[in-house]
Amino acid sequence: MTLDLALQYLVAGLTYGAIYVVVAIGFNIVYSATGIINFAQGEFVMLGGMIAVQASRSMPLPAAIALAVAAAAAVGALVEVAFLRWLRKPTVLRMVVITIGVSILLREGALFLWGEGVRSLPYFTGDEVSSVGILGARISPQVFWVLGTVALIVGALEWFYRRTLLGWEMQACAANKDAASLCGVPVRRLVTLSFAMAAAIGALAGAVVSPITYTSYAAGGPLAIKGFTVAILGGLGNSGGAVAAGLALGVVESFAVSVLPAAYKDVVTLSLLLAVLVVRPSGLFASGEAARLKEF
Amino acid sequence: MNRLLRILALLAFVPVLARAAPEPIKVGALFSVTGPAAFLGAPEARTLEMRVQELNAKGGIAGRPVQLVLKDTGASPEKAVSFARQLIEEEKVFAIIGPSTSGESMAVKALAEEGKTLLLSAAAAEAIVNPVLPHVFKVAPRDSYAVEVLFQRMKKMGITRIGFLSSNTGFGKGGKEQVERLAPQYGITLAVNDVYDKNATDLTAEVTKLKAASVQAILNWSIEPAQSIVVKNARQIGLTVPIFQSHGFANLQYVKAAGSAAEGVIFPASRIVVADQLQAGNPQKPVVEAYRKAYEARYGEDVSTFGGHAWDAFGILVQAIEQVGPDRVKVRAAVENMKGFVGTAGIFNFSPTDHNGLDIGAFELCTVKNGRFAPLGG
Amino acid sequence: MNLLEVIGVSKRFGGVQAVKEVSFRVRKGAVKAVIGPNGAGKTTLFDLLSGFRVPDEGTVRFKGREIHGQAPHQVAAHGISRTFQNLKLFGHMTALENVMVGRHVRSRAGMLAGMLSSPASRREEREIEERARAEMRFLGVEPLSLSPAGSLAYGQQRAVELARALCAEPELLLLDEPAAGLNMRETSELAEQVLRIRDRGVTVLLVEHDMSLVMRISDEVAVLCFGQKIADADPRSVQRNPEVVRVYLGDD
Amino acid sequence: MTRPGLPAPARVALLAVAVVAVQLATQASGRGFYLTQLTMTGYYALVVLGLSLLMGYAGQISLGQAGFFAIGGYAAAFLSTIDVSAQRALPAFALATRMGLLVARPDLYGGTTLGVNPWAGLVLGVGLASGVAFAVGVPVLRLRGHYLAMATLAFGTIVSAVAVGTQRLGAADGISGVPPFPILPGVRIGGGSADRVANYYLAWGLVALAMLLLGNLVRSRTGRALRAIHGAEDAARAMGVDAARMKVRVFVLAAAMAAAAGVLLTHYVGGIGPSEASVMKSVRYVAMVAVGGMGSLWGALSAAAVLEFLSLRGVFGAHDDAVFGGILVLVMLFAPDGILSFRARGIVEKLRGRPARPGEGT
């Protein structure tokens, strides 16, 4: 395993990892605001890619991506308002099953609208073959767009939650909904906002990643499973943990491919998820006590 | 009195009416229009619907319209069996076209035989027609021909050490079995023989493994988007060795997806994909061009080899019925002995021992030149 | 003879010392109360006794056998039954079924016997139902037997929960703030019921705020403050204990 | 009796009458071929009944039921299609043949193969699934809510990934050519149209048996304990219910039922593919339990009978998954206790603005 090969595996792993991080962040945003796992998060990443590709046919790339992000945010908000907001004291089980149903409807809707074909945005810089050499490893420029976007998203979220009033309100809502509403925090609107934000972030990632991974109507499902594996590993609601866990999982998967047949890569990831769920449902980084007190 | 006469006249007239509206020939179809193999079944279903409408517009077969009973199996064998039984026992279809995948074809094979119903499978696996069952045929070329054409070219290019990747689908598995079986005969060693997941979104790690094994060429066998990803990732990490693909790559959609990375990729294809560049004398030219023009005009998307299977299956069935009339036993025998049927996948010469009817000539090596398919000369 | 002995039991949650070296005993056939201001550690103590929490130190002995650290269902098997401060009934099931579940620890029919509806299991079912109806009659709530527990009035739900606990024929009955939310009439009714339960030979340990109820039915009263026991005697002397007065009424 | 409505045996008699009536109706109307889909529906109903007990009564969600179905199915398919005639002479194999563990069978192409006796396949298949269910259940059932949902989803996906990734299990093509299962003299699971009526009665006979056993169980001490766990787990434990062990036992029972259905349906269909282990299949089973009503065996049975039959008839066409997704959402939104328990009383209360109390599941 020479240096350039190791670097190549590392970069590949970071690319996979970056995708998982964004999906996991989408889960965390919704989880911390509502206490449920939105199984349709993978579908928002797919929608981002599909809408962006459709829009890019009639407008410049940045505009198409912006449209995709806005449209997905609207769909995210609609899902919350139409399916979840008006439920009276719903059990977690009931809400989770609803999001599973919604993810199926979004996927079948995409099939109906765009067919089963595969599509992708053109490369933002260079094309399919161009690559940048670093210490012998060659990396497609699109990878930097992906890593850059994910870093931007994580940074923006940190700033949002730390620095803005709305961000604090969201955290208050996440910590204790009733207390927050007593202090005048518009809890219902914030929950809708959290769905819209999660959808928007997922869509942005879906668009940026599509040149590398292509998008098809069924791309959401496998992404969702990887996404919540990382969300659990990092500790539900703990986005910092998700970034670390996501990148780590990506790199582990990448190096695992150099050893065992790739088809079993998913079995490794899923067994890891099962193990963490059973041993430390609160994830590797969060404190066990904090998670147990959180009602679920 | 005259009321009685009028009734009698009416009665006399009815049988004539009955004859005037001929009873349709029911043709069943099992395609995986949705689900994991949608990119196989969807074009096949669209092609078959188009051909049936065209044929009925021209009066059907010997005056009798064709009624298509199409079922979407979603690539699951249990649905294929349930629908096959409906087609055979209820609808009593004259013949069944499909299924799209090998797994489903193996599941319904015995049913077709027991129900004495002609089955024209669109899947590639050898085991569908080997050992032979009287009523079971397949119109997709054998994987082994595609592999042999590739290995012959590799031998000519002096390549002996390749990295082989395949996806964990029926298509990938079919190719993998033939590659593993035929490689030794052509003195080719598989430095890497790896299977990746069909939902793979990035295969950089895979191709890095090939770089580490310093292979002389890459051979990939899959029909999902992964086949374009492999080509891109290989070129991105600076692998300049020649890349060979399966006949699944003969779909312009994936070439466009791979973009400039697809330049120079070598793959076996039925002549449908290079229709416009076939010499005038080539017998397949009119057939493939007719299919391409009709399909692209009607659906506005590139034609695919898999859609071609449905075109060929229906063509074989219609020709047989036209030859011997709508009699199950005679039509089966007609198909079994049909020679020289020009289809999109090649020229079919069936026989009681060969229910596939295609030979290695079905494939022609092609490559990609500035984004277009072109026959690989020399 | 002491039915229950609690010796030096402590429990800490992170920084909070909920219960600190508490020791007391409950005589067989007596009614013992544990009182104390909110946050005194009463409910934590109850959870320690009934197996929902494991003490950091100390031992709990029931009829001479150590039971601390055992799971709730094992504690129940020893003959200790309990009610809950915030009323944990099985909302979907009828009141009668709720009470019948109380009989679980005293019955044996397994999954297989249940599926085959064996004669033994059918006979046991009739016994369980009869026993449950008897307990509901004992508390005067039998007319409610077929209505869903979730739809009953608060007082009725309390009675059903008590009937459920009694249905297990416990030797020791733990009552977690049984009078919470009851009006005057219902509280005096409860007092009657507890005394009748004691007369049936059931030892009762209750945690309660309602001083009038405690004074009226308890043979002994222990007082907890910030997790520590500050008094343990008959009701009269506890009332006059200066330490207790200071804690409750504050220094004037 | 404590529960309104007829005792289990009486209801099962009604079911038996209905089963016979349906068969006679299809015969009279010349639609005997419906029995094929009805038979398959019967086996799938077994999975739904097991899940109804686990999810509806004990309140434990499982998104991995298709995984257990596939373990049973693949075990039966693998064992009944391997050909060990080459090792026939070896002492162990000779002994096994004498014991009837191995049976010779003509294959489709006139040759004879020596494969494992389907009864051994059934026992091994169900045993393996139960073992896996125990191993997975003990740790996983300590979880609740979406953690449990995700853990079972992960388990199901692992089974699917292994099925698709393993060459000996036919990878993506699955295993075909599974012989019929001679279960009684003259009656075999599988085979062609001649065996159709016998297969129908066999499948629905099993469903009736399951309804009887589960019907008794639900009304028994164990059934009450399960519903108590669903209602308030802590209270149930305080009443002496060993919740952890009870949940695992029901999880294993549901898995065994799913595996048995997997074995029998694989013999009936003559093969099994990785699609049987897919997440979407598990979601469909959950949808059918949800439609039937959480905690209603009869609701689950009717939902399974109707939805699975229509799906197998291809009535939903290319929108099969969309229909189940839509149903899942609608039921969970408007009738969380299932359509059947959405009785007039529930509607009246909704109109009067008071929240409908959770309907009492039968």
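Letters A, B, C and D mark the chains as written, and numbering starts fresh at 1 in each.
Note that in this section contacts are C-beta pairs under 8 Å (C-beta built on N, C-alpha and C of every residue); 3 or more make two chains touch, one makes a residue touch a chain.
Everything numeric in this text was worked out from a predicted model, so none of it was measured.
Under the contact definition stated at the top, the chains bordering both chain B and chain D are A.
The chain with its CA mean position farthest from that of chain A is C. In whole angstrom, the spacing between the mean C-alpha positions of chain B and chain C is 74.
Distance from the chain A centre to the chain B centre is 37 Å, each centre being the mean of its Cα atoms.
Separation between the centroids of chain A and chain C, computed from CA atoms only, is 48 Å. Put simply, the C-alpha centre of chain A and that of chain D have 34 angstrom between them. Those residues of chain D in touch with two or more other chains are numbered 161, 164-165, 321. Annotation for chain A: residues 261, 263, 266 touch two or more other chains. Counting only residues that touch two or more partner chains, chain B has 34, 36, 168, 195, 197. Counting only pairs that meet the touch rule, the chains in contact are A-B, A-D, B-D, C-D. If you check the complex, the residues on chain D that touch chain B are 31, 33, 36-37, 40, 108-109, 161, 164-165, 167, 170-174, 176-177, 192-193, 265, 269-273, 275-276, 312-314, 317-318, 320-321.
Contact residues of chain D toward chain C in the complex are 2, 4, 8, 213-214, 216-217, 219-225, 227-228, 230-232, 234-243, 249, 253, 295, 357-358, 360-361. Put simply, chain B touches chain D in their complex at residues 33-36, 71-72, 74-79, 81-83, 85-86, 89-90, 101-104, 106-107, 109-111, 113-115, 125, 131, 133, 168-173, 195, 197-198. Residues 1, 5, 8-9, 11-13, 15-16, 19, 111, 115-120, 122-123, 127-131, 133, 137-140, 209, 212-214, 216, 218-219, 222-223, 253-255, 257-258, 261-263, 265-266 of chain A are the ones that touch chain B when the two sit in their complex.
By the touch criterion given at the top, residues 50, 52, 71-73, 76-77, 81-82, 84, 88-94, 96-97, 100-105, 107, 109-111, 113-117, 121, 124-125, 128-129, 145-146, 148, 150-151, 164, 168 of chain C touch chain D in their complex.
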